[in-house]
Each structure stands twice: as C-alpha cells, then as structure tokens.
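So that you can tell them apart, the chains are marked A, B and C in the order they are listed, and the count of residues begins at 1 in each.
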Amino acid sequence: MPATRLPLNHGAGATALVAEGVTRRYGRRWALRGANISVAPGEVVGLEGHNGSGKSTLLRVFSTLIRPTSGKAWVLGEDVRERADWVRGQIALMTYHPGLYDDLTARENLVFAATMLGRDAAGIDAALDRVGLLRDADERVRTFSSGMQRRLSLARLLMQRPRVLLLDEPYNSLDRQGVALVNEVVAEVVRGSEGGAALIVLHDRQSAGALLDRVEVMFQGRIEGQAEPALPAAVDLLAELAS
Amino acid sequence: MESVVSRATGVPIASREVRWTTVGIVGLVLLVVAQLYGVLTSPPDRDMGHLQKIMYVHVPAAWNAMLAFLLVALASLRYLWKGRLADDLLAASAAEVGMLLTGLTLALGMIWGKPTWGIWWTWEPRLTSTAVLFFMFVAYLILRTFVDDAERRAQWSAVVGLLGALNVPIVYMSVRWWRTLHQMQSSPMTLDSSYTWPLRVNAIALMLLMAYAVAHRYRSAIMTQTADELMDRLALQGAPGGGGSRA
Amino acid sequence: MSWNDDWRRVRAVALKDLTAERRSKSGLNAVTFLGVLVLMLFGFALGPDTESLRDAAIGAIWLAILFSGVLAFNRSYQLELDGGALEPLLLYPGSRWSIFAGKLLANLAFVGLVELIVIPVAMVLFHVSVPAGWGAQLGVTLLGTIGFVTLGTFYAAMSSRSRSREVLLPLLLFPMMIPVLLGAVEASTSLMEGNVMRDAGAWIRMLLVYDVVFLAAALAVFEFVIEV
C-alpha cells in the first residue's frame, strides 16, 4: 500500500487527473504495473510509449471503462470507482474506434448521442458544420471514409461539453485540416472550462504542435519519465529503457 | 502454521482446516452407520423389495443439492453486495458440489426407475426439476470457464446464480402442475415410518460431507487465489499499490 | 436524471436498434426464414398424419420461436461491438437500465415480427384453424414472448462479450425457459380445447408472475453485467 496520500482539494484548483499506483491485469498479462501520473488544470499532456506499454489502458481507467486491479485514480478530485457516474459527465474519451452506428446517418448518430446525454438537438447542425460534415449529414456512416468517421466522433465529443479530454491517437487518418480541428477543440476545452485538461496518446508529436505542455513516456505499464515536447520524439528515452 | 492472508479475499488460508476435517470424518462415519442401519433394519419394501435402499442416497442427495443451490444464491447475493472475491469462490465451490449431487440424484433416479417402472426416465416433477437444476449448475460452471477476467467472471456468475435461484421454485411449480394435469402416476415415495429415520440420518450425514467438500474446494480456491496474488507481487516487483488491494 | 429523461433514453436506444435493423434487414429475414425452416423440419419429423401434426402444433411453434429467436439477441449487442459503439454508450452518464430496457423493446418488436410470420405459417403447415378465443391466445403468446425476450436480452449482454457466444447463450437461456415453454404451451392448448379443465387461467397467472419477477430482476442487476 502506498504510504502517502496526495493532497486533493476538491473544487477549484483540484488536480485534473491523478493516478496512484494503478495496476491492471488481463488474465495473466499486466497492462499496467503501478502507473503514477498527475495532470494539472490547464495542462495538455502527451503520452508516448511502445505498443502494449499501457497507454490506452490508462486512458480507459480514467474514463471509468476499466477498473484498476489495484491502485486509485481521480478525475477532478473524484475517485473514478466511487463517483463513476459523475466522472462520466466530465470526461470525453476518443479511442481508435469511431464508436458510431454504421447504418445510421451522421445526423441520426448525433441525435442519439444528444438524447443519451439529456440534451436537445439544437447544437447538432453547429457541431456538424464545425467538423465539416454538414453536407453529408444525411448520409449513412457506412459510406464515410475513416477520416470522416473520426470527424463525426469529434462532433459527438463537442456535444458532450467535457472538461477533461482523454484522446487515444486522435490524429489517425485525419488530413491537415482535421489535425488542426482536433488541436482547436483541445485548446478550447482546456482553456475554456474550469479545471480543463487533456491527456493525449501520441505517436506523432508534431501533430500536436505547440499544444503540449509536457510528454510522459510509458514503458511496460509504468510512467518511466518525461520527454521534452520540443524534441521530435521520445526515441532516445525509449531506446534507453528498452536496453 | 504460517498464516497467509489473501489480500483480495481477506481470508486466512490456513485456519479452520482442522475443524472442517473433523466435520468430514464425522460425516463419513455417520454415513456408513446410517447406511448400515438403513440396509439392515428397514424391511424390504412391499413393491420394490431391497431396491428401495437406493432412496437412502437418492433423496438425501436431492435435498442437499437444493441446499447447495441456496448457498450459491446467498454467496452470489453477498458478492454483489460486498464485492469480496471470496464470496464468488464460495459460490463456485458450492456449484461444483451441487452439480455432483444433482448428477448423482439423476443417475440413481434412473437406476431405480428401470426396475420399478420399466423405464429409465419418468417425467416425475421432482426428478424433472432436478434435471433442470443440473443444467443450470452446468451452465453456471461453463460460463465461468468462458470468462477470463476475474472480476467480470465473479460479477457475471453471481448474477446468473441469482437468477437461476429465482427460477428454481417457478420450475418446480410449473412442472408439478404440468404432471397433475396430465394425470400420471403419483410419486411412489410415500413413506412408511420405518424408512423415515434412516432417511433423515443419511441426509444429515450427506450434508456434513457436502459441507466438508464445499469447504475443501473453497479453501483450495482461496489458496490458488493467494498464490496468484503472490505471483502478482513478484511480477510487479514491489510496485506501489501492486499488492492486489481493493480498497 | 428524471424519469422523463430515462424514458427518452429508453426510446432512443430502441429506435436506434430498430432503425439499424430496418436498414440492414438481413437479420430479420434470416431469423424468420430459420423459424419457418424449423417448422418444416418438425413437419417432416411428425407428419404427415393430420392428427399428430395438429396435436404437436403449439409445441412446434414455441420451439421454432425459441430456436430462431435466440439468434436475435446476440445480434442486438453485436451492433454495439462492431464499431466500438459500446464504449461511448457506457460513457453517457445516467442510468444503465435504460439501455437494457431500450434493447428489450427493440428485441420484442423483432421477435414479434418473426412470430407474425412463423405462427400463421405454422397454422397452415399443421392444419390448425384460427381458434375461437384468438384474443386470449394472442395474450398468452405475448406473455410468453416477454419472458423469453427479457431473459434473452439479459443473458446476451454477457454471452455476446465472451468466448463461444453461440453456444453460451442457449446454454444459459434454455434451462430458464422451461416455465415459459410449459406455461405458454399448456395455456394455449387448454384454450384450444375450450378450457375444459379451467386451467388456462392458472398458467396465464404463472406466466405473468414469471415476467414480472424476471423483468424486475433483470432491470435491477443489469448494471452488474454491463459495467465490467
């Protein structure tokens, strides 16, 4: 058991994301082996590491989708296990799956999301316009390219009005404008909401540009160090860890 | 004996071993005595002759299978309430023993049915309900083997065990109505008083043996769990919070 | 969240499932066809004597519904698993039982449509004429279907996300279906024969109790099934 507790003041000034000795096993394999991380309000933190180093699992722990095998995690000062429902109202998770219904149109997908979020459909056109899909709003998602699907899940994320963003390789299959759009949304959420922050799993650091405050490097289920955001990639540190 | 306490389950693994062994031995001795008593003292049945003696195992096994299912339901309920992995392991242990007992009940019912009615299987309500119970135990245990994640396995099987328990009285009632409506021969298990005492003692003996079996199975499950956790701690190499606590 | 919000979520899930089904269609057609096929097989196994076909008709109808309907439930979750849509679905704050209730309604409509084809076809194949008390017969069918779809939708939430899902669902579901099968077949048969024994009412009450018990239980514990 950890001997110390992090000081967590609730409300204003609370830490956006904290993980303390989080482990998670799948069968016999350990995806997380005691990960510690802390993200302050207003911060945009990149997460790098080899495939299978536990980046996606860590994001899912923060999102309440995966329970830690041991250890604890907090979002905006609240425990992700004890106050899961509240946490779900504060975060938005974007994974490598678009998470859309293929046989529904873009608009229908967003209407469904709005209803599930308890919102009215007023903001849907604006969100579609923002991601550049207004013209294709009544086409089925099945006909969309993967970049368009990603844009649509970005539109859904906008409707969630989250305070904390958990993005798993958000730039995948996006064109230059799409990448800029993601960065715009991230900046908006982080600067625009109280306690806003973002944790972004990256392979290509250049896409995030000047947005990143720092980059944490994961190795075999733990955060093993920080990298300088200005450098092209954490190659050196990873090579060092692997040896 | 060193006392190793499983962190996830909170159960000391070495305790109560002696007590349960005693229960097992007492149960076994009682069973032998009760069987001998039954076989030697009760007169041959008017219709069935010595075949009637099968009842001394068949009926207690059926009763105790019901008890096992009750235990599965209670442990499952407690798991959903408290979230202790130990309760899940207890439910699984009870289900394994319960499956064995229902299987025994069915096999003996068939062995008895052939010479008595000339058929291996009769759709008698209690026998049929036992068959349904057997299938529910089997489904429960198969579900457990199909799920890899320990927490998911525990949560899913607790729910399945609970719903299965709700179904048992409904199955029994419906099968009984079904039979009475179709006017089949009523159950021949009406008892002369000379049979009741051996039956009761046998039931108690089998209950003690079942308790021993469940306790033994449960204990070994806890030990496996504890060994897993020790391996985990090694795998995590003393990582903070890596000991498997579930605060 | 208020009841009103919950109800809107239930409706949204149901409509979403039905819309997706209506557009792909493949599921409904295939399942209905399988139901009719099972009826044909029963016909070959029991026929062609009119009397024995007629006697077996109700049982055959229910087995055809069980064997074809069981394929509908895993599909209902496959829709969520295909594009990774289950994760966002679980991340909407608020009640989870509304997800179950929505899927339940959609599956009720689905199985109801299958029955709409399978039952008339069975009546033709097994030489059964429209019974006098057809309203009561419909009621029995509805009660039986609710019990079947409730537990089918519930267990599929587990089986669709585990190994060997095709085997696991019937293995979990069918032992639970014995009271439904007995209740529906006996009540229908009794009504067919003019309810001489006056036992149809008891069976209908049993079906009603079964539906209420398992609907309440499934709604109460669905959270435990879906959250891990």
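By definition in this document, a residue touches a chain if its C-beta (ideal position, glycine included) is under 8 Å from a C-beta of that chain, and two chains touch if they have at least 3 such contacts.
All values reported here derive from a predicted model rather than from experimental measurement.
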{"item": "Greatest separation from chain A - chain, by CA centre", "value": "B"}
{"item": "Middle chain, criterion being Cα centroid separation", "value": "C"}
{"item": "A-C or A-B - the one linked by more C-beta pairs in contact", "value": "A-C"}
{"item": "Distance between the centres, which are taken as Cα means, of chain C and chain B, whole angstrom", "value": "31"}
{"item": "Inter-centroid spacing, chain B versus chain A (mean Cα positions, whole Å)", "value": "47"}
{"item": "Inter-chain centre distance, chain A versus chain C - centres from mean C-alpha coordinates, in Å", "value": "39"}
{"item": "Interface hub residues of chain C, defined as touching at least two other chains", "value": "228"}
{"item": "Junction residues of chain A, two or more chains touched", "value": "67"}
{"item": "Residue list for chain B, restricted to those that touch at least two other chains", "value": "149, 151"}
{"item": "Chain C partner contacts - residues on chain A that touch it in the complex", "value": "63-65, 67, 85-86, 88-89, 91, 93, 95-104, 108, 111-113, 115-118, 140, 153, 156"}
{"item": "Chain A-facing residues of chain B, complex", "value": "148-149, 151, 232, 235-236, 239-247"}
{"item": "Partner chain A, residues of chain C touching it in the complex", "value": "1, 5, 8-9, 11-13, 16, 19-20, 23-24, 79, 82-85, 87-94, 228"}
{"item": "Interface residues, chain A side, partner chain B - complex", "value": "1-2, 20-23, 25-27, 30, 33-34, 36, 67, 69-72, 222"}
{"item": "Touch list for chain B against partner chain C, complex", "value": "80, 132, 135-136, 138-139, 142-143, 146-147, 149, 151-152, 155-156, 158-160, 162-164, 166-167, 170-171, 173-175, 177-178, 181"}
